[in-house]
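By written order: A, B, C, D, E and F. Residues from 1 in each chain.
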Amino acid sequence: MADGGKNSIVLRKKEECKWDLVSLGEVMLRLDPGDVRVATARQFNAWEGGGEYNVARGLRRCFGLKTAVVTALADNPVGRLLEDLMLQGGVDQSHVQWVKYDGVGRTTRNGINFTERGFGVRAALGCSDRGNTAVSQLKPGQIDWDEIFGKEGARWLHTGGIFCALSESTAEVAKEAMASARKYGTIISYDLNYRDSLWKSIGGKAKATEVNRDLASYVDVMIGNEEDFTAALGFQIEGAGEDLGELDSMPNLEIFDRVGGGDSFASGLIYGFLSEKGADWAVNCGCAHGALAMTTPGDTTMATIDEVLRTMKGGGARVQR
Amino acid sequence: MADGGKNSIVLRKKEECKWDLVSLGEVMLRLDPGDVRVATARQFNAWEGGGEYNVARGLRRCFGLKTAVVTALADNPVGRLLEDLMLQGGVDQSHVQWVKYDGVGRTTRNGINFTERGFGVRAALGCSDRGNTAVSQLKPGQIDWDEIFGKEGARWLHTGGIFCALSESTAEVAKEAMASARKYGTIISYDLNYRDSLWKSIGGKAKATEVNRDLASYVDVMIGNEEDFTAALGFQIEGAGEDLGELDSMPNLEIFDRVGGGDSFASGLIYGFLSEKGADWAVNCGCAHGALAMTTPGDTTMATIDEVLRTMKGGGARVQR
Amino acid sequence: MADGGKNSIVLRKKEECKWDLVSLGEVMLRLDPGDVRVATARQFNAWEGGGEYNVARGLRRCFGLKTAVVTALADNPVGRLLEDLMLQGGVDQSHVQWVKYDGVGRTTRNGINFTERGFGVRAALGCSDRGNTAVSQLKPGQIDWDEIFGKEGARWLHTGGIFCALSESTAEVAKEAMASARKYGTIISYDLNYRDSLWKSIGGKAKATEVNRDLASYVDVMIGNEEDFTAALGFQIEGAGEDLGELDSMPNLEIFDRVGGGDSFASGLIYGFLSEKGADWAVNCGCAHGALAMTTPGDTTMATIDEVLRTMKGGGARVQR
Amino acid sequence: MADGGKNSIVLRKKEECKWDLVSLGEVMLRLDPGDVRVATARQFNAWEGGGEYNVARGLRRCFGLKTAVVTALADNPVGRLLEDLMLQGGVDQSHVQWVKYDGVGRTTRNGINFTERGFGVRAALGCSDRGNTAVSQLKPGQIDWDEIFGKEGARWLHTGGIFCALSESTAEVAKEAMASARKYGTIISYDLNYRDSLWKSIGGKAKATEVNRDLASYVDVMIGNEEDFTAALGFQIEGAGEDLGELDSMPNLEIFDRVGGGDSFASGLIYGFLSEKGADWAVNCGCAHGALAMTTPGDTTMATIDEVLRTMKGGGARVQR
Amino acid sequence: MADGGKNSIVLRKKEECKWDLVSLGEVMLRLDPGDVRVATARQFNAWEGGGEYNVARGLRRCFGLKTAVVTALADNPVGRLLEDLMLQGGVDQSHVQWVKYDGVGRTTRNGINFTERGFGVRAALGCSDRGNTAVSQLKPGQIDWDEIFGKEGARWLHTGGIFCALSESTAEVAKEAMASARKYGTIISYDLNYRDSLWKSIGGKAKATEVNRDLASYVDVMIGNEEDFTAALGFQIEGAGEDLGELDSMPNLEIFDRVGGGDSFASGLIYGFLSEKGADWAVNCGCAHGALAMTTPGDTTMATIDEVLRTMKGGGARVQR
Amino acid sequence: MADGGKNSIVLRKKEECKWDLVSLGEVMLRLDPGDVRVATARQFNAWEGGGEYNVARGLRRCFGLKTAVVTALADNPVGRLLEDLMLQGGVDQSHVQWVKYDGVGRTTRNGINFTERGFGVRAALGCSDRGNTAVSQLKPGQIDWDEIFGKEGARWLHTGGIFCALSESTAEVAKEAMASARKYGTIISYDLNYRDSLWKSIGGKAKATEVNRDLASYVDVMIGNEEDFTAALGFQIEGAGEDLGELDSMPNLEIFDRVGGGDSFASGLIYGFLSEKGADWAVNCGCAHGALAMTTPGDTTMATIDEVLRTMKGGGARVQR
């Protein structure tokens, strides 16, 4: 995490904004085989997830803030399942664009990933199936950003490198969103989240660097691990060490499902900034939230704010009753 | 079911053929929400299925014949899950073409359907997500039909109207397969299985009629209900009434999962022909097998040949032990 | 169902109201043992439910209307589970009152019911555990009805005889709500839902009659079966026969879980009135929706509006794909 | 059911007997694949069951009587699972004989059956694996019948044709038990339960007839369907028609799991005799209990006595709450 | 654990006692969300549990002793589920008092707790819902203690600080039980189990100290951790260190479900005393049993005595077969 | 693992062999209670397993080789379930001998084991029930080894000490197989797998030593841990230390289900030899494969060859996507 060289973050007032945070990104159906492997399973648990969306969900369900997601979905039972899961997630869907389904998935579809949580020496494994999704076909001009950042008002916009790698047009949509956010004084965070598989067919690392550098100028809070900064921005950040929250370096962390841990770090971090507790507190909050989120299945948090605060204080594991 | 105006079916000898039947078609992952709806489920059961494949599977697992499937799959964990399910299904996979996966599903993917079994007044409901699948990109020249029908030998080829509606090229592949089959004396069956959603973006009913009529000249056993014959072939078959096996007209049939019932009818029917029991016996066998297949979840049969024979004799439901 | 002697229902305009319908009632956790009995189960499925709430949920998730629930919950993990379930249900919770929990349930708690769905000759069986719930302690003056019916605006208020039997004060709260609703032109429906167990310790049938008759003067649409009208109002309604929708008389209805069928009838009926389709259409819509809701587990609907419309037209059970 | 030509049943007094009924028979582990088939399942539910034991369990859990089982089990985790299941069943195990296990099952083992419940045209199917079980090796002299019928006292002894077909020695044990029961005035019932598979390797129908006829002279209440009387006793019972309770002839009985229905008929019937309600009431009670037992999974009842009484009166299926 | 300053424990003879141990306490239904959180679960596993009862269950199922529970339950399906679970637990229920249920839970109910097992940094979390339970309304004079300790005979009475915090009257019932036990030479153990939430509305820590000190004079074996001794008795026990068994200090203990670990410590400890192995052995037995009990879900043990003995000897984790 | 004093392993050419490996051994149904104990479970997962078979399955599904199993099964639904599981396992079954079932399991049956995976201090626990199995009755002369090793051709034969302990005749069958394998140049491996319970009733350790020593002269690759070498061969192997792969000594190995870990070690090892990578690589491959196999439930591997290679290189546990 780096705060873009700024000394301080100046937030819009809560009372003049409908949203504490708006996320722009893809929401996928995660099919999770539990204790076994995707390739041998006969049963899957269903969760919703998406790098950018998970941040909005965490802020809503763990931290009690008002958040919305901007995305697009194909209007079929899978899309409606995602609606059902997002309703449970509490993230407002009034800015979700529903695209007519052709009945077979030739023109537009919804993203699905089959993701295992791993165990011990066996790494978590994801197979994403997100070609031709509705959200990857989103184009500039389709979202009314003035409505969102102007009329409704939002204190924070979160998006990231996964959304921007979906297609040429999604990076343009992100830029359009950031420009509008900046106009209205909305703080902008961006999670680099570099994924080789997404970039390789649309220009590779070189293109990723070009796209991300172009967007970086709009970003107030840039999130990523060292590899992300190197791969997605193409340079080594000197002196950034002290601002980096490294979730993986926490000692002896017992992990149930590591998928989405970074996103829960981001939502804890942003909660710290939104509640104006300072960067140190925010990073600690991010780490605590990320650690708790990895104790349950699914990409997203099931923790409460009380548990985050107790974990930040090093609270033990005795039975609470 | 109509036998194409022929008076009799002359089969190749079993001892000179490696396969009793080869199916050409798509194999999809079926995700089944059990007692609830796709749009509200949190857990799915996984089955494999495909109109043409189901026939090969039924002949293998219920009737003990040797069958193979010709299809293509993207090589990712979902494809490997389909491999695992087809291994369980016993259908030989040596003619499955594995296509490299791009990591995200932009260039090629595997077909998935989210299908409910329905209950009482609530109809079964399917949402298929099969755009851009590996099998839909199959082209003439990619399969060595001489190997299959010549060197290895096959008594029967089964394909159908779903496979031929996947793309322009799949209809051509079917035609190529049929021509080769005919050359080697292999009997050809074709299940019309008309699906509006598949045809509407590639020429609609007119195109369907054109494609199916073109293929019909190769077909020895044409399978379909009245609607299929009308929609997919564009004409009323006079005098065909007596050859039609109508599964739905069986009285008081208690159904657990109706999906795939027609395919199990087809495999029972083909078993009748392959064992040279005559058309009446074959139709009865198809009806019994279809009825039994609908008493269990999933697209495919879990019945045994003994149960089919007992059902054909009107055997009751007392405990067998 | 009786329309209270009025000739027509005059609705407030949709554009001047935040809510299509507001429900006032208890929301309980339903623990459902699936295929076995409560008394022998080792696993329970969790659903939320409540006679009045179910109507708001059905209008939101099946019919797409905007609805809210007015209720009170104890703030503990069970209450938060109900919040999670209601989020999934899509019913707005901004008017839910959260009451501090004492850690053990002596002063206030959340309602729970252990309810089986029955099978064949074995009736559905419910064990409700709702003593001392937060909602039963709701008192006049605690809800800002002017905010709801005046400032926000609501087209319809739904409450009923279960809520009014929770305690002396809940009947007073209902009366207060109705008076406010009437003041602002909001249509009022009331589902009699007579339950002997609720009334017997607080005055029995005589008290029920007194309470319900007192409230009846505010009611525009009174819902109940013949037994309800007799037991809860204490008289035979002459000439009401033609307005009565009797769900149980539908022929050959295959039922998966009958619990909540009446509530789904009510939401279908109210949808008919809210969309101004006339009483006949509304009753048919109620019957179709009730029938569909009973094909899935849980108290509440999993049907879509398209399925309701198809069922009203007598649509069959063929696979939809 | 036939009462052996006697005009009346004279029971020992309840207060002088520790047991209302003692059953002598095998207790097996039932592994039940739920909605699928044994041969395709990946998960099984575990129940305990045994024709004679089920009667003792039904009398204990549905009708509240004190019952014990006399059987033998191999002392391994499967035997201990049966102990755990029988504890839940409430049947006293102080007369269970525990036999040392050899670690591999060569010398003695516990009976297991893999049994499906069937659906519609597909019959229930059982695969029993009961060779070499501890109970089949039970020999005369190993059980202290004077302790059971004399010192402790029992009003009723139930055993049957399955136990007596396990081995030569089990029939002798049954005879020994009956002789002792008769000595102490204990009523004896015997369920013929003819199973071809059990008899065929130990003498077939001829041997079954010989064994059962020999035992019949001790029996006060003989239970069986027409086929049982013919196959297991070798003659047509004239004039017995009016005493026969035929569970299968009940109209429109919706069945979830038919396995064990006959045993629940027997326990209802015996309850009628033990509570001295007369033969008609007893037969009706048997039918009602059998019908209810078939609405739940497993071999044994999950009904309550209130439900049996309500069913005998033709009580409907409305929600009870 | 402290032995109350006595040098030795003198037990009644086994042959003159019907019960090895009698427990006095509440039995609750535990609803356990498995790997997820109470507040996000859709499925719960059901177990029975209660601090005092768990000790009786452990002695019965792991150590093979004869134990009974004295408690009260409301007679509804939840109570009958507890009966079913306790039957499986093997603890005698002849001294359970069944209280008529009012159908809604206003006058009396059964205790329920929704308890998570925790994982890594996320603590176990319990939400107990035990207000107005049948057992909390138990009053002196309702239990025939002379029957239990005199006529039937019991070697040990176990009760504790949870039961005594349920209401004013339960502490009186405990005192009454202890006085009777002492009269007949029954050893008395008491697990302090201090719970702030139970005491805070009925006098707080001061009242807890008063109640527990009053009872302490009857107690032969007092069980608790340091916090319990401080909070529940109000003083520091000097020199008690060597008698304290501290389960939490065991190195590297891998825990599946920590709930109930202390109760299994207590049952192992009491087993040691009841089998007269000396205090050291007893404490080791308690630790081993507690550790094993925490390797399985639920509040209670699933260990065997052989496993306890092997664990006491430091037996490894190789496959036993 | 010891290579029998030979300096090198000379393999038959792949192109002249139908099978890369043929296993001779028992295949049992494993019933696995998941997180609980066999003796308290109500649900079991079903897997197939067998020490010798698991090696063939691992080579087929993880390493992509062609393998077959030689065994015998009773032809009943349990046998057909094993067929279904082995189909999924991909191991060819054309050499499985199907034996007629007598309906009750007196003459022949299928092996079953109830095996828990253990957790922390609680060891894995197995209860095998394999008396009188079809495979234990296999006799010399029943298998056409010339067909397998001569006509079809096999590069490797694997069998072991479990199969040879099933009965006198199975050791003779193993010897017969080895002699034939040697004749055709097939490499022979043997996993000692000493089990006291199997040997104790047929001659004990002395007999085991005699049988295993007799067979050892045929063995090219002998597999076992130190205890196996001592118990099953009766001597200490000097200087063998450097050839021993000890799976248990791997540091910090997090284990989900340790059952079958040794068999997966063996298949990884054999893969190394079959691909001619040298003994060190083979041992490392065995360790990596064994470690991965223990991260999933069931006796057999769910790993991919890519994961094995990555683990051999010390690949971390980051999400792969």
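Following the convention adopted for this analysis, a contact is a pair of C-beta atoms (placed from the backbone, for glycine too) under 8 Å apart; a residue touches a chain by one contact, two chains touch by 3 or more.
Model, not experiment: these values are computed from the prediction.
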**Request:** Starting at chain C, figure out the least number of steps needed to reach chain D through touching chains.
**Result:** 1
**Prompt:** Between chain A and chain F, which partner chains are common?
**Reply:** B, E
**Asked** What chains do chain A and chain D have as common neighbours?
**Response** B, C, E, F
**Prompt:** C-E versus D-E: which has more C-beta pairs touching?
**Reply:** C-E
**Prompt:** Do chain A and chain E face each other with the same patch, meaning over half of the contact numbers show up on both, or with different patches?
**Reply:** different
**Message:** From the mean C-alpha coordinate of chain B to that of chain C, what's the distance rounded to whole Å?
**Reply:** 46
**Asked** So, what's the distance in Å between the C-alpha centres of chain F and chain B?
**Response** 37
**Item:** Centre-of-Cα separation between chain B and chain A, whole angstrom
**Value:** 42
**Message:** Residues touching two or more other chains, restricted to chain E: which are they?
**Reply:** 37, 39-40, 42, 84, 88, 103, 125, 127-128, 197, 321
**Message:** Dump the list of chain pairs that touch, please.
**Reply:** A-B, A-C, A-E, A-F, B-C, B-D, B-F, C-D, C-E, D-E, D-F, E-F
**Fill in**
Per the touch rule, the chain F residues reaching chain B in their complex are 84, 87-90, 103, 321
**Asked** Residues of chain F touching chain D in their complex?
**Response** 31, 37-46, 76-78, 80-81, 83-84, 102-107, 109-110, 112, 114, 125, 127-132, 196-198, 200-201
**Item:** In the complex with chain E, residue positions of chain A that touch it
**Value:** 253-256, 291-292, 295-297, 302-304, 307, 310-311, 315-321
**Request:** Enumerate the contact residues on chain D facing chain B in the complex.
**Result:** 35-37, 39-40, 113, 115, 118-128, 195, 197, 258-259
